[in-house]
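Chain lettering (A, B, C and D) follows the sequence in which the chains are written, and residue indices restart at 1 in each chain.
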Amino acid sequence: MIRTAIIGASGYTGAESIRILLKHPEVKLTYLTALPEECGKVSEIFPEFKGRCEMNIEPLDLSKLHDVSDVVLCCLPHKVSMGFVPKLLAAGQKVVDFSADYRLKDIGIYEKFYQVEHSDTENVKRAAYGLPELFRDEIEGKDLVANPGCFPTGAILAIAPLLKQRLIDPSSIIVSAVTGISGAGNKPMSKFHFPNMNDNLFPYGVGTHRHMPEMEQLAALVSGQKYAQVLFQPHAGPFDRGILSAIYTRPDVQVASEQLTELYHDFYASEPFVQVCSEAPAVKDVAHTNHCHVYPTVVKDTVVCFSAIDNLVKGASGQAIQNMNLIFGLEETLGLW
Amino acid sequence: MIRTAIIGASGYTGAESIRILLKHPEVKLTYLTALPEECGKVSEIFPEFKGRCEMNIEPLDLSKLHDVSDVVLCCLPHKVSMGFVPKLLAAGQKVVDFSADYRLKDIGIYEKFYQVEHSDTENVKRAAYGLPELFRDEIEGKDLVANPGCFPTGAILAIAPLLKQRLIDPSSIIVSAVTGISGAGNKPMSKFHFPNMNDNLFPYGVGTHRHMPEMEQLAALVSGQKYAQVLFQPHAGPFDRGILSAIYTRPDVQVASEQLTELYHDFYASEPFVQVCSEAPAVKDVAHTNHCHVYPTVVKDTVVCFSAIDNLVKGASGQAIQNMNLIFGLEETLGLW
Amino acid sequence: MIRTAIIGASGYTGAESIRILLKHPEVKLTYLTALPEECGKVSEIFPEFKGRCEMNIEPLDLSKLHDVSDVVLCCLPHKVSMGFVPKLLAAGQKVVDFSADYRLKDIGIYEKFYQVEHSDTENVKRAAYGLPELFRDEIEGKDLVANPGCFPTGAILAIAPLLKQRLIDPSSIIVSAVTGISGAGNKPMSKFHFPNMNDNLFPYGVGTHRHMPEMEQLAALVSGQKYAQVLFQPHAGPFDRGILSAIYTRPDVQVASEQLTELYHDFYASEPFVQVCSEAPAVKDVAHTNHCHVYPTVVKDTVVCFSAIDNLVKGASGQAIQNMNLIFGLEETLGLW
Amino acid sequence: MIRTAIIGASGYTGAESIRILLKHPEVKLTYLTALPEECGKVSEIFPEFKGRCEMNIEPLDLSKLHDVSDVVLCCLPHKVSMGFVPKLLAAGQKVVDFSADYRLKDIGIYEKFYQVEHSDTENVKRAAYGLPELFRDEIEGKDLVANPGCFPTGAILAIAPLLKQRLIDPSSIIVSAVTGISGAGNKPMSKFHFPNMNDNLFPYGVGTHRHMPEMEQLAALVSGQKYAQVLFQPHAGPFDRGILSAIYTRPDVQVASEQLTELYHDFYASEPFVQVCSEAPAVKDVAHTNHCHVYPTVVKDTVVCFSAIDNLVKGASGQAIQNMNLIFGLEETLGLW
């Protein structure tokens, strides 16, 4: 059994990780931590775990880590994570980090978008980017994996085959996405107060969302080009879970829908968690699963691709555990099926 | 034109009052106030009013009141309101007070449930209880009206004909109600954070809700008895607006459903805002209206009555404006139809 | 008082029209019709009208129309409407038609997208397109107005200033929109069965939606160009009312956000129902109103514009009544404020 | 591996059963059937199973059953089920029947409430009632188990300790419950059309719901008395999954809250799926689980008990699989944890 700790267990991704790991046959949850004011019995903080998990969430004691766990799911926020990850590694842990701190290889871009000096640039270089469908080889056996952002996961899986085949102009990518509100975290805010968010839908982060440079890095990398330009526009919608991405992009060569269908089926043929659909996907069909449904087509000379994921599962905790499975050489789908 | 001020305009009942009054043909909104940190342009605080209302919400200046307004809708919270109402009256205003401070005639019960000493007991005695369907005569021309609680409005309208006719045992009343989340106010809270409240429903205030003594006072008063006992159990449900009340009570004499139907039709025959339905009512049918749908029946020797109201309209701002119309001798339905 | 009939009153746009007209000071509802199987008391078909409207919905009797009404809101479906409109006109009625039958000036395009031969092409030529903000002069006094589609209303209002000023390439328009489910009508369908649609969001009509040619006709007309190409992608989201449109388009000249803000403020300065926002609009802020909130900006050399409307009000019944006001020379905002 | 068939696999309980059984370590799904018009690939009927289940749903061929399966989850509707169950038993199957056909021991009551002559009264006598927490001994090894109704499951678990101890008057039970809409099945209906049900909540089945006699049978049985009277009032609420029951009942002896807490903790001490809470439970905390959260208390001399379950899991498919585990002597929680 792999002994697993969750650092920052009191938020939504912490709860989702617990939820999944309680059913994982090769994992034993051994240590859950959070800020002192968020500690207590798991079953009181998340009443859904009553009778299912009798653990406590405790303040982090780094000195215990070495003795109790083999791997850490680090659910700390951006900017905070990089202060802890080196210590987790030093404590002999494998680390899957949920924050953005190890995702962007270009430190300058990180520092611009996150408005902070990066304090652990060495580990940025070593970290694998944890999108197994594209970077499986780099993840296997790795000790530090940067778990991808939820929006980049959905967007890039939707267009990866096009990028790899260089069928589209990588400077023409428009990602218009709608996310459920769990993506905003569990801290109450006026915008997401139920009577304000119910029956509502609105764009946010116009031109400024931090997942934009992450998508650009990925699109460039996957297409093997210097540079990609992504216009990413997120919206918040009145549901808990899920991201629906619609991606509009200009083909570089003439393409037909059937050709894309075939390409996608080939590309994802052996992927357990990516399904190529024959019509546009729906958020609810992937909710509470680690699956990504994709659908590519051509409309009026524009390539239009859709994807749906659960932001808390394939967009966060599920993918982290998929990465954890790869790190330890386990069956990739364990606990996630 | 009646010049109207809203004190405490930055919350949901303030916004609902503005919404209604903008369409009221005999009212001019002249003054909107709130705590300094909640002031600003109405259309920025509530973007729905963009292009519809160019007023500002300002910190309250009592010295201005006399010159700018005839009536105040006082949307201050419980305990705060009683500190202001005497000053509003002194400034020559008619006052419709939304708080509980002037509802409970028994100061001892008020002080027990609200855990505070009442500082304005004289005005409690003079205040009319603003449920026009039952106390219209006392409201007309009054200078201080205590606007009823949302739950008591729904519950008492559902059983008033029974109480008046002394058909039920006033110590046997069980009120099981579900409210939309706007009833909890606009302050963000973890419980009502969208991902927590969406798809959720739960009871709260078990045995302790402050609307329980208000219902008891009313039930006793309407039935002309010393004492009534109400077991009131509220639930919070995943919708913005509305209260559905189911009331279970033992008849004192044998009654049949048809008899109740007839009684209710007679009782509410000339009431514009109460409709007697031929089946159980639905929250959505009264949302955004000042109407109350009621339906009485008999099941297994128990009288079961249902009512539906919009908690922000008939349960708050709409009823306040209905009261305001009565105070000024206007057509009762003005602005509310 | 203008005597008004609603043909096809049993659907959502019929109900919304009744809701608005009950508060309209210059209109008297005189005749409501529907298919025989959908007839009955208004207050039974729509319980929200209990105590507010005692009319019946009856089967249409064309011979009565002349005597009872001056204007018809024709809420019949596409393809059906064109069979009735000539008869309504012959009965001396002014007609605001909600269907697509009189919107598309190019009969060939109509017949291709609606898969039917058009039976009333003469009236297509005469009909005004009822988007008052752009075609007010043609609507005033007209006897036949084609009420716009909900999506075209939102999309075109969002970019009309750009089109008029020829600032964008009219062949580069991508409209990505999310609509509430009332847009799909009141007929129960598996996709919109509550447990299927709740918490869900999905694209539909990929490459085929009938509002696409309507947008193209409008974009060409407004920009004064022969041809416009619009890629329109609708999504269905878990809310009742509202359309949020995000429009991505390439500028023909270099533009800056500030410049667009100014242009939009000028363009819509005297429009009561269009508000230019300083940030992206939200569906809930326009729900239950006839307002359209727009916001233009520039992101990475792409012009990005947003708009929010209520699909049943500004996208249907509200706009129809706005048109009706113009037809009769009334204050345009009457009943709609 | 236990080979399992699902008869009537195309509805919500069918889908939920598949969902659970795909993760059950000792079960192999071997046969899925439905009405011919509802057959097809599982992954097309329920797109959530894309890539997870490649089976087809086929028309039932009774002659195959013997060879392919050991147990049948019979998800057929009331009245239909009793026509099939004898044949399933004859084909050597263990049967867990989801319908009401084998729940009510009093055939007269069944025939009155279901308005049909019962065609299989012999098996009614033999069937175990599948509420494991109360009738575990009778279920183990049984070949026919009547899976309980969703409302009776929630209601009876909430008061079983009181009934067993004879602390309450079994003729005084009022059950006021709110269910999510999946409880109404997957057939589209006007009432549950998204724009009608969203933001709505309403009572239904006033005085007539068929789960009322089922609760009465259970309450009498558990309390060891001849007769119990339950006033059951269901409501439909705007969420997919879950039932929140509030039960009001008169104690026969004086009881205090603390005493009830202790009693419940003792009663459910070894039950994996029933948790005694220290405050009122919430529907969302049990959604997607087989757990039942209960909370008893005393308010004004009335015993008030609450329970929350997921109607599709503990109220249907989960409980069926719990029963299946018992039938085969497996760990009761297998696949359900």
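Details
The rule we apply is simple: a residue touches a chain if its C-beta (ideal position, glycine included) is under 8 Å from a C-beta of that chain, and two chains touch if they have at least 3 such contacts.
Only a predicted model underlies this, so the values are computations on that prediction, with no experimental measurement involved.
Ranking all chains by how far their C-alpha centres lie from the centre of chain D, first place goes to C.
Taking B-D and B-C together, the pair of chains sharing more C-beta contacts is B-D. Centroid to centroid, with C-alpha atoms defining each point, chain B and chain C lie 36 Å apart. Between the CA-based centres of chain B and chain D the separation comes to 39 Å, rounded to the whole angstrom. Among all residues of chain A, those that touch two or more other chains are 180, 196, 198-199, 238-241, 281-282, 284, 287.
Residues 22-23, 47-48, 50-52, 198-199, 272-275, 277, 281-282, 284-289, 291, 293, 337 of chain A are the ones touching chain D in the complex. Listing the residues of chain C that touch chain A in their complex gives 174, 176, 178, 180, 196, 198-204, 206-207, 229, 231, 233, 235, 237-242, 244, 246, 248, 279-284, 287, 297, 299-300, 302, 304, 306, 308. By the touch rule above, chain A contacts chain B in their complex via residues 12, 180-182, 186-190, 192-199, 238-241.
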